[in-house]
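Two complexes, one shared chain (chain A), two partners (chain B, chain C).
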Partner chain A sequence: MKKSKSMIVCFMAAAVVTLLFMYVYPIIRTVIMSFFNVESVTASTSTWSWAGLDNYTKLFATSIFRTSMWNLLKIWLLGGLLTMAFALLFAVILTSGVRFKNFFRAAIYLPNVISAVAMAAMWRYYVFNARFGFLNSFLEFFGFDAVNWLDTTHIFGAMLVAYCFGSVGYFMLIFLSGIERIPSDIYEAAMIDGVGAFQKFRYITLPLLRGVFKTNLTFWTTSTLTFFVWTRMFSPTETENTTVVPVVYLYNVVFGSKGVTDVDAGRGAAIGVTLAIIMVIVYVVMNKAIKEDDLEF
Partner chain B sequence: MKKFLALMLALVMVFALAACGEEPAPSDESDAPSGESPAGEPVADNGSITYWSMWNSNEAQAQVIQEAAEAFKAETGITVNIEWRGRDINTQITAALESETEIDLFDDDFQRVAEQYNDHLLDLTSLVETNGYAEKVQPLFLEIAKDYSEGALYTIPYQLYTSGIVYSADAFEAAGVDPASIDSWDGLIAACAALKEAGYVPFALDGGGSPRYMYSYFLARLIGQDAVKELSMNGGWAESEGAKQAAEYIIELRDNGYVLDPIGTYPEGEYTLGYDETAMIILPDYVISEVINGTGTEIEWGFIPVPDLGGPEDETYANVGAQGFGIPAYSEKSEEAFQFIEFLTTGEWDAKLAEVSLHSPCDVSNETTGLVAMIQESISELTGYYDYQCGSNENPDIRLNTEVQGLFEGQYATADEFLAACDSRY
Partner chain C sequence: MKRVNWKKEVRLLPGYILCFAWVAFTAFILLWIIAASLGETNDIMRGEVWTNLFSGDLHFENYASAWTSNNVSVYFMNSLLYSVVGCVATILISAPAAYVMSRFSFLGNKPIHLSFIIAMSVPAVMVILPLFSLASGLNLTNNRVLYIILVICLRVPFSVIYLMNFFQSLSRGYEEAAAIDGCTPMKTFWKIMFPLVQPALITVTVFNFLSIWNEYFIAMIFVSGDAKTAVGVGLMNIVNSMTYSGDYGGLFAAVIIVFLPTFILYLFLSDKIINGVTAGGVKG
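Entry: the complex of A and B
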């Protein structure tokens, strides 16, 4: 087909304009805003005053922000280990020739198609509830004492388990597609050589999934950095140190919270930029630590 | 031809993008005969005003406001176009005001309207004076609104609420407790003992902030709100005798089994009042609506102030709040907007709003009965007010909910351990 420049321009125009106005412009404005004292997100630039690095220094000196970053690290690390371990386990089981593979795959993925709000409500009211929750009924049936899963000691763990439960299916599908890409003749050759199931996993599957691990870790990092709904559902009325994460703090700083009317869009922008920088650092470290696949298959 | 086709496709894409923006549902068409007064006489069309509401269209308050707007149109000929924005209005209104969106009035939490949006709002002082509005409504709330804005009046409060000990009158009757006897700490402890004896857990609690609310109330009663704000801002909890005394009060309640254990989640913990398991809770009076709506309970309710604990502020001080109307400074229909506010916050429609929300009416001439009358009387006796959480929210970057809830849960054996944990946040 003969290429027409005007056709290319016409078809690309909408996408390019959308990209520029809806992504590039807000990013640039947010970065600039983080160096200014700005009250509201939409305040005219004539009302901005230069703050230099003040927004960042104040941010890192703030107790609740440091707490939120610590909670985020725990979600990323502990939740990441839990989610990736179960996702990989299920993916390996489902590719091992188990019967009803399609059913199990759909069942494990199902939480991803349910709204996070509904999922969180389900966990709070039907699983962790101290009075009639499934978990305590289960414990009491076997003679154990009931536990208040949503008290200050347990609420973070409860939230993390619920979040990971909803995430496993998504990462399992990515692992699944990675495993299915590995040619079966490699496994067949290993089988002829008398290699056991664990060794096949250790020496064939895991090394050939390095690229998939990198993809999953990138997605997991993006997902945890924007962690918001689960905190809002587990601490619905007030921000709590036990469950607060940076995006919830950002929301409070930008829009105010119950009984707090001081808002600071400049500091909110600084939080956003900090999270973006963390994302870039994690991505770079992962690229260095997990080498590109040096095997072709 | 190809160029024409490409142009058309580009236009389609642009329109498709534009169509993605969704406007909130406008208010329902009025069932009342358009352009007629209640007497059936034709009313002139006197234009329209636009109202961004913090209510959702299916809420009881929204239904009353909708009916009021129809009655207002029939009486004045002014159409009120209502956009039901819901509670997320606080994330939308600043941008709307800065871009001078066509809004003639809106509502949100009255403290937020007075403090957060006031740069873009009309000072209503002269409208209030011209219309003699201040003589018609609860004076304390207008004063508070002025306090929030250094003397100017940017918001008209409505749906007034106060806070204190909300109790189940049925539980008190079963335990033989006279509410009037709860006028001191000893009176409160004696009531708790009688309620426990009668099979009730005296205090309901939930993880939604009620533990800190209760502790903050006791603390403010002991040292006054200004001192609580000072502690919130700068710490030094371990050196505060009042903070220690308030913590010891909580430990006494906890160790005697006078508070719900385990603490329920929000709102399940407060629902125990409706299940007739607990007898009282210290929260704003809107907890009553939440419990009734959540449990369908038909218990008799009662309301008394938190007792005087010997500090500078006695039982005539309470944390109060309201929703508030604001009028953008650029609105060209500010008088019509104020007219509608007055229509809604006085007389018949104010009474109807109070009835559905179980809050105090604004209009001092509106007579109420039962629980609402109790709340209205309590408000009329107030001589001062506390902010939300009685000053312990002063520092937005230090939240002690976890520590205070931990105190109720028994994580700290002594007041000193608790206070040291609070100071560690600074």
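Entry: the complex of A and C
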């Protein structure tokens, strides 16, 4: 087929422009900004002054930022364990020959297509409601005492459970397609050898899902790093220490909010860069730790 | 009809129970919210949403007040505009690029391909600060056109990468036959290749629609004003003001209005959406 240069240029132009405008230019400028004293995000570059690593050192010396990173780690680790465990469990159940598989699959994935704000509103104003909420009605029905799920001791856990509930469906789908790709003759061979269900899972399914785990962990990391809506919904009026996450702190420090006195865009950029570096590290470690190449089926 | 293998079904019972409990919980919450959206705040506070529903005492005025006095109609129309324009423009930009990238080798093809893959996982916080300063310098904050451009840019990388797989799978015989008939390469694309990937275009558009409809972070920063903002930000404003006013009926009605468009889309297209997620392994 003949290659038409003008056609390539015409067809690529708009897409390349979006790439430059939305990603290349802003990323470079954010990285540069993180090394400068930039008071307001709208300040012109002539007012910037070199700060070296000051933004980063100040950032890690700020207690609310350290709290937000700690919360992020808890969301990533505890939420990740919870979400992956349920996602894998449902994927295994749905591939074990249950009826209504497509219905269950669609229903469990449903929260992923709904606005996060709407989902968070349902959880915060109904499920966790102290007066008429689902959880307390449930507890009272079985004779337990009602709990205030939104007080400082419970709110983080409540938020995390609600967030994970919505995430399970997506990761279940990825596990599901991974399990379905495993050739059935491996399982048949195991069955002839008299291998039990649990051992089949432990010695066949799990090892062959290594690559899928890598995909899922990468996606989980990306989505938890940008955790934002749920904190805003669970602590709407002011940012509380118990639920604050880096992106919420970034928003407050750049655009200002109650409780943040010094607006500092340079420090905001440093938060963005820190999160991006974490993502790259997780990605590299994941690729080193989980090798897919040696799997052939 | 196959005979039910009861032994097998009993063995699967724990799995059934867990799936059923999970789905029943989801369904119960949704039904309760719908019932509450039709109830009076006093009844909701007492936890008696079902009695209203079953006695036929339905308060549709919750929806009317959410729609008009709480501005949901404005947010809804804004999001509809952003989603429709955003989806169409994203396809018109992404499909040609995906086509030439999957068909021709040219200088920069590989780096651009890699850049799109990386761009899919770039967090929004890495890019909004310079974009916001650019926008405020040009006096374009709280501007509809700029927000639409931003959501298009947000969706192009995913759309290009997803569509490339489909163009790759098409036979080159189509182009060769068209060339023999004297069709120019560009015309061949729009007349023949573009319609051939229609199923993929629909899948991509569904994902883009869901993503733009549910977009929150960029809308909050770039179109925060009440008149121009999207449903996510609007719903957040309603939630915040209603916790003070205590109008729970109106709150749940607003939640349902925001929830319905994507839910209805999902009812009709759940198979397509689920296949899209698993085929691409990409976040929608």
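In this section, the second predicted complex is superposed on the first by the 291 of 297 C-alpha atoms of A that agree within 3 Å, B and C clash if a C-alpha of one lies under 4 Å from a C-alpha of the other, contacts with A are read in each partner's own complex, and residues count from 1 in each chain.
One rule holds for everything that comes next: contacts are C-beta pairs under 8 Å (C-beta built on N, C-alpha and C of every residue); 3 or more make two chains touch, one makes a residue touch a chain.
For clarity, every value in this text was computed on a predicted model and none was experimentally measured.
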item	value
Combined model on chain A: chain C and chain B, fit or clash	clash
First, second, both or neither for A:T18, with chain B first and chain C second	both
First, second, both or neither for A:S257, with chain B first and chain C second	first
Partner chain in contact with A:N148 - chain B first, chain C second, else both or neither	first
Which superposed partner A:V127 touches (first chain B, second chain C, both, neither)	second
Which superposed partner A:S46 touches (first chain B, second chain C, both, neither)	neither
Per-residue contact with chain A, leading partner among chain C and chain B	C
Touched partner set for A:S184, first chain B, second chain C, both or neither	neither
Clashing chain C stretch [against chain B; choices 115-123, 241-249 or 259-267]	241-249
On chain A, positions contacted by chain B and by chain C	4, 7, 10-11, 14, 18, 41-44, 125, 131, 236-237, 255
Contact set on chain C toward chain A in their complex	8-9, 12, 15-16, 18-19, 22-23, 26-30, 32-33, 36, 44-47, 92-94, 96-97, 99-101, 103-104, 106, 112, 115-116, 118-119, 121-133, 136-137, 149-150, 152-154, 156-157, 160, 172, 175-176, 179, 184-186, 189, 210, 213-214, 216-217, 221, 231-232, 235-236, 239-240, 243, 248, 251-252, 255, 258-259, 262-263, 265-266, 270-271, 273-274, 277-279, 281, 283-284
Residues of chain A defined as touching chain B within the complex	4, 6-7, 10-11, 13-14, 18, 40-44, 62-65, 124-125, 129-131, 148, 150-153, 155, 235-242, 244, 252, 255-263
Parts of chain B lying in touch with chain A, wherever the complex brings them together	2-3, 6-7, 9-10, 13-14, 17, 90-91, 94-95, 98-99, 111-112, 115-116, 207-209, 212, 262-266, 268, 387-389, 393, 396-399, 401-403, 405-406, 409, 411, 425-426
Touch list for chain A against partner chain C, complex	1-5, 7-8, 10-12, 14-16, 18-19, 21-27, 29-30, 33, 41-44, 89-90, 93-94, 96-99, 102-118, 121-122, 125-127, 131-132, 134, 137, 170, 173-174, 176-177, 215, 218-219, 222-223, 225-226, 228-229, 232-233, 236-237, 247, 250, 254-255, 265, 268-269, 271-273, 275-276, 279
